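Have a look at this one.
In this document, chain identifiers A, B, C, D, E and F correspond to the written order of the chains, with residue numbering beginning at 1 in each.
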């Protein structure tokens, strides 16, 4: 159950409107690693969790927090759009090329569709979609997905920080950066504990009987490119991070195996084959016959 | 530059066709964490890399290897589809309910569109899309994304392993599981080295001046749900994995700040406001006037 | 700010698992008119609202309620999937054609990706996307969108009600149907009040100066098909619902106006024109010359 | 059967080209509530209708009219693009910052792909998709969907009206606004008649036996946020619009019911559980053994 | 302008319902090469045409015809769905495994969303999207796109022909196959004429001054794989179809050119570089300092 | 199997950065007819081919070549973005309106997500998706699809050629134009050979027994629009390109056949019908009863 409270977690008021920057902020609302993604991802991970207790508590908590981040950003975007120009025919546009650039650079759907409001889309106007969400039921994999999401999200916010000098916007971004820092650390701590307690280990999924995989290929660094320094990395020699193997390096891919012969499905699929399919009569024969008639 | 060689990295021949299983294998071809995703992700990470050398070599190599995985799976899918039934009117269907189930459970587009061949889609027929790809230019973030992708991918293959008993299919999956094991370990080793050498550190991006984030919120585990055990995790007390802070726990979110007043953009956006917009004449007045006329 | 509480609004436990029905329930989680849509739609309408007070309060409240509906349905789906078969090679499948049908009819991604859990997708596995969301800032339009969403949503749930006889599932659906009934009524009441108070009126947007539209076409029912009974409806004669006009009926579309001449953009766009473009030399001349050389 | 006539319903010629505005008009061609949406929506509603006669006649007629609207807008867009600049290296661009802004603000695909022509996309370049279409077979729900579509569409056109001062463009928009006015009124009239004749009533679907829904929740306004004025609305007390109930107001959500215990699906899904799954041997044991070997 | 007529171009009535086949027919309604695609493609090609006259007339005509094909198929699908079972709990399902297979194999959204009606989606439930449409303004390219569309479309219909034995369905498919035959021939004839009259020639676009392309690479068959028989094709020697060159064969790709050095964008993008970025202070220094404090 | 080589097929270095042009080049990386499309299309055509030998060799070779084209373009894009401005607050922006236009016209995700790098998206930021790919197993259809793809692709590159004057960019485009010329010719030569040898003929698929199509409609040019010059084309009289028929022209579509009566599916789908559905009691009766209670 979710309850809403009419307050924001932190200040979300710009000093002045900036419609181009509003478009950029849409990235952290509705982009691949925006706040909608993490809110939905943590929610579904919680709903798909197979154990109650601290991990699920953490997922529920962080999911709710992230929905609140969407809210702060949407509130900010609406304010950044408050003075959005109507378009290229505004007087201001004709007088001031910077305004003209704003007309070109803002998200026109924020104006036409939302009436100068936020939308659940990214900075190029792509609607958020659930293909961004990961919730496998395996907590070590999913927490790793979360670490990645918080890293990518913090990178985006850090980049955005330098693309404005509005103190109100930067104040909110400083808050979000701090929470991203926390969430990176949080999922790292959780993933580490899972491994220390043996609940999940490397390689994920750790309960799959490794004897069923072809172990001779499990620690081989095979070079499919021609870069000479691939051999120098810690993935090419020494113990593997899962503690189960020793890396080796193969400079050139092995010969491989011959491709199996191409398939010959039912001729009624009309694929091209060496000997033309014959269903009743070949088309060629039909052609000859039809020509004669 | 990519060169193609007409050989497979490993055997990819089923003992017998199985059109329903062909559909399931589409997941690891064209799904969120399928082989197309990793092939494209590692390629773009290489092209966006800012340094030559071992990391980029590794990315190029693994990208090329993964394109070869797509090839083995597509080859396998075509063979699994070789005896795909035409449909519900096949004689076999009417005699054997299992065949009827196959007609229901196979990907009908594999038949109608590909003529009993593989397609760049997932197991529900969603076309692969590039929204799955991550390539930020920050290697620690991107290698973490790769660790996640290899974990999620190996989970999917492990699950699929139990959904067939065809020895040829299982032989290929055993090979793919081994390579996923290697790639998990490989990216873990690379991410670890990045941190050990100080090229990138936690929190990502580590070069963002942390003084610009609101540090008072950087290590606070704030509970936005009511789970009582959230306080028990290693994210709620003790040192943070980034080595820069000490976690604390906040049982109830702080009061927050008041929402800023709603925005009042240009009345020509026709949003609903407390005092109705007036453009030339209010619609009400227009209505009155028109009624009179 | 959103707060989560570890309780469900209502019971969400099936009597027994049913993996095919789990797939069907995905429709009301992640479909066009599923609970994610309304939760996100009401949230963005609240964030884009230009007035505080009862309408925004209602939007925030209902948004939070709908996120809780997603939760109940996701919880239900996970339970329906609890005994999901591995696949066509399960012993049970070979013995029981009904199980074979389940293998064909269930969402295979619920198994392969979510490990027998819910996903933010519809019943055909299409990821939810924000193209379903409407939040224009005009409350009469948006409340009408909400009435529609609650109608379409209640139709889907009513249909689903008949597609199961599990008492636990039906119990939850009976609850959801009741809430849909409430929400239909709620948005109807709100839309009615907006009009009664004159905050917004018909036609939406009511503040656009109607004199700027070509009023001679505003109440004409023009028949672009050849159905004879179109003239019989209340849209073809009598007063219009907006109270501003009188409907008339036009049996055959007027002649219309001639199409403007086709455009001739810059020849460097290489469109086909009557007189072939000439850039430097025509390709034909180039061809002649190249042939001679 | 559709027949085409080489004439436009109304004038569609701009006074002068404007490539940025062309991009904006794409919204009403290929956006969520653009003309393609309504043309397709009314077509599928007609094809899914269960009764011949005036409602279906109306759907067929309006569908054909809307395809003609797509045509007028596409014709307009091509003309607005007629002088589209090649790009940032045009001489005009370097001399005139306004042209530079046009280069930034126009839809580059209109140039690169369509050769200065219209495309079935929205103003951010998102391809139109059929996820926008509603056709449930229930006419009251679908007519309500149509009312909404005509409202949202008219809002977009009204906003666009102010974003140009080209008299030719405004002339076409004035025509479209009038037709949107008619269509809003038309669907309102039709929806009203459905209810008056009892063919469909509230709540939709009205034939679902309401006794099967949990009626105690059907008229309760439960506040899931903390807005104090939610109680003041006509949805919180008084008779419900469906005429079947009396609204009541609940200030705080009830306690709810405990979440059911998490699921424990087959261990071969490799979800994380309290006691690690054991398939053959635990990974831990495998690890120990492998280390010894 | 489009006009609708309440008649079908041809019979579209099945002998008996078949819900699984209804799903398959969705492919030719809303798939990549379904009738919606060609109807929209020909429409936009007409609207983007730069010359009036016979080619545009042909486009308008065929577009209108194809919208009528959508109509016949939608009408057929609704009838095929007329006896669609409710679901797995229908009595018939429990008695008859074939019915159970139908429950698994039908499009569940056709039932839940459309109430046993057609939808603008493909046979896997993917909504039709405008990314399938091609309309470049260059008629030779676009007619070639049309030839392809009619070929792919006819293949799909031919395959579907064998997946039913319903005489009513086959009757309609026989009509559609004939029209596809006509349309293939029609676009071939039109493309041929364009070339014969010199309006457009090979290579497309033929007006681009070929001297601006690096002609030494224009007729080289370079083998990037290791297939030995690539040299045997008519693309490896002899005159080229455009009449402008002579093919040659290169067995192994040339060495190529060195990759340019990786880029070093602004350090505020936080990409990983050889020497860690320094913004104010390195994170490492910050870490040291923060640890001391 | 794919092998990567750290060299480019051709030079790919701009003289100077141009962030707006980088966005435009994205079209030929990740657009409908970009290099990813052809690389993937040729790969899947090879994997779905039913015969080994020269056609499959050609497909494998060209697929690998096209992946190398993606690489050259991604490398170019990264360099074009090397001096991408941070945003509207850069000093340069405020001094120079051209820079302001760049801020408006560049792809903001190239900056925020990729850190000034390339992405697998088109010039409007739409992620590449596999819905663009065609691989039917019928080689004549698929080679025709390839001819089209190379035509559309060459048109886009030709248009882009004129939108820059950077000699480095133009040098690469001149190379790509030449390869597109080759590939157009190559697929034309291959398609021609298929027909000459009788492996595949017109109409595609040529093995479908043409007697099963309604031959009376196979060569009829029926005019569904009112263009007078449609009769003048080579599709309206004379022999058809497939050599099997003679075109005829029909000026007005025939009357057609009556629409079948609308369907009446199970009342539990709650579609609107003439006589309202009755499930247990009609809603009206329920309403009356409830009102009395």
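Quick note on the criterion: a residue touches a chain if its C-beta (ideal position, glycine included) is under 8 Å from a C-beta of that chain, and two chains touch if they have at least 3 such contacts.
All values derive from a computational prediction rather than experimental measurement.
A.B. asks: Which chains does subunit E share as contact partners with subunit F?
C.D. replies: A, B, C, D
A.B. asks: Same or different interface residues for subunit D and subunit F, judged by whether over half of the residue numbers are used by both?
C.D. replies: Because under half of the interface numbers appear in both copies, subunit F and subunit D meet with different residues.
A.B. asks: Between subunit A and subunit C, tell me the centre distance in angstrom, where each centre is the average of that chain's C-alpha atoms.
C.D. replies: For subunit A versus subunit C, the centre distance works out to 24 Å.
A.B. asks: On a C-alpha centroid basis, what's the spacing between subunit C and subunit D, in Å?
C.D. replies: Their C-alpha centroids are separated by 6 Å.
A.B. asks: Could you tell me which residues belong to subunit F and also touch two or more other chains?
C.D. replies: In subunit F, 1-9, 32, 48, 53, 55-57, 60-61, 63-64, 68, 75, 78, 86, 97, 100-101, 103-105, 111, 113, 115-117, 121, 124-127, 129, 131, 136-138, 140, 155, 158-159, 162, 205, 208, 210, 224-225, 227, 242, 245, 253, 256, 259, 262-265, 268-271 touch at least two other chains.
A.B. asks: Write out the stretch or stretches of subunit B touching subunit D in their complex.
C.D. replies: 155, 158-159, 162, 268-270
A.B. asks: In their complex, what parts of subunit C are in touch with subunit B?
C.D. replies: 1-6, 48-53, 55-56, 86-89, 94, 97, 100-101, 103-105, 107-109, 111-113, 115, 121, 124-127, 136-140, 194, 198-201, 205-211, 242-245
A.B. asks: Spell out the part of subunit A that touches subunit F in their complex, as residue ranges.
C.D. replies: Going by the criterion above, the answer is residues 18, 20-21, 23-24, 27, 31-32, 97-98, 100-105, 122-126, 155-156, 159-160, 162-165, 224-227, 253, 256, 261-265, 267, 269-274, 276-284, 286-287, 290-291.
A.B. asks: Which positions of subunit F touch subunit B when the two form their complex?
C.D. replies: Touch list, subunit F to subunit B: 1-9, 30, 36, 40, 43-44, 47-48, 57, 60-61, 63-64, 67-68, 70-71, 74-75, 78, 113-121, 127-131, 133, 135-138.
A.B. asks: Give every residue of subunit A touching subunit B within the complex, in rising order.
C.D. replies: 5-13, 32, 53-58, 60-65, 68, 75, 78-79, 81-84, 86, 111, 115-117, 126, 129, 131-132, 134, 136, 138, 140-141, 144-145, 147-148, 151-152, 154-155, 158, 161, 170, 174-175, 177-182, 184-190, 192-193, 202-205, 208, 210, 212-225, 227-230, 232-235, 240-242, 245, 247, 253-260, 262-266, 268-271
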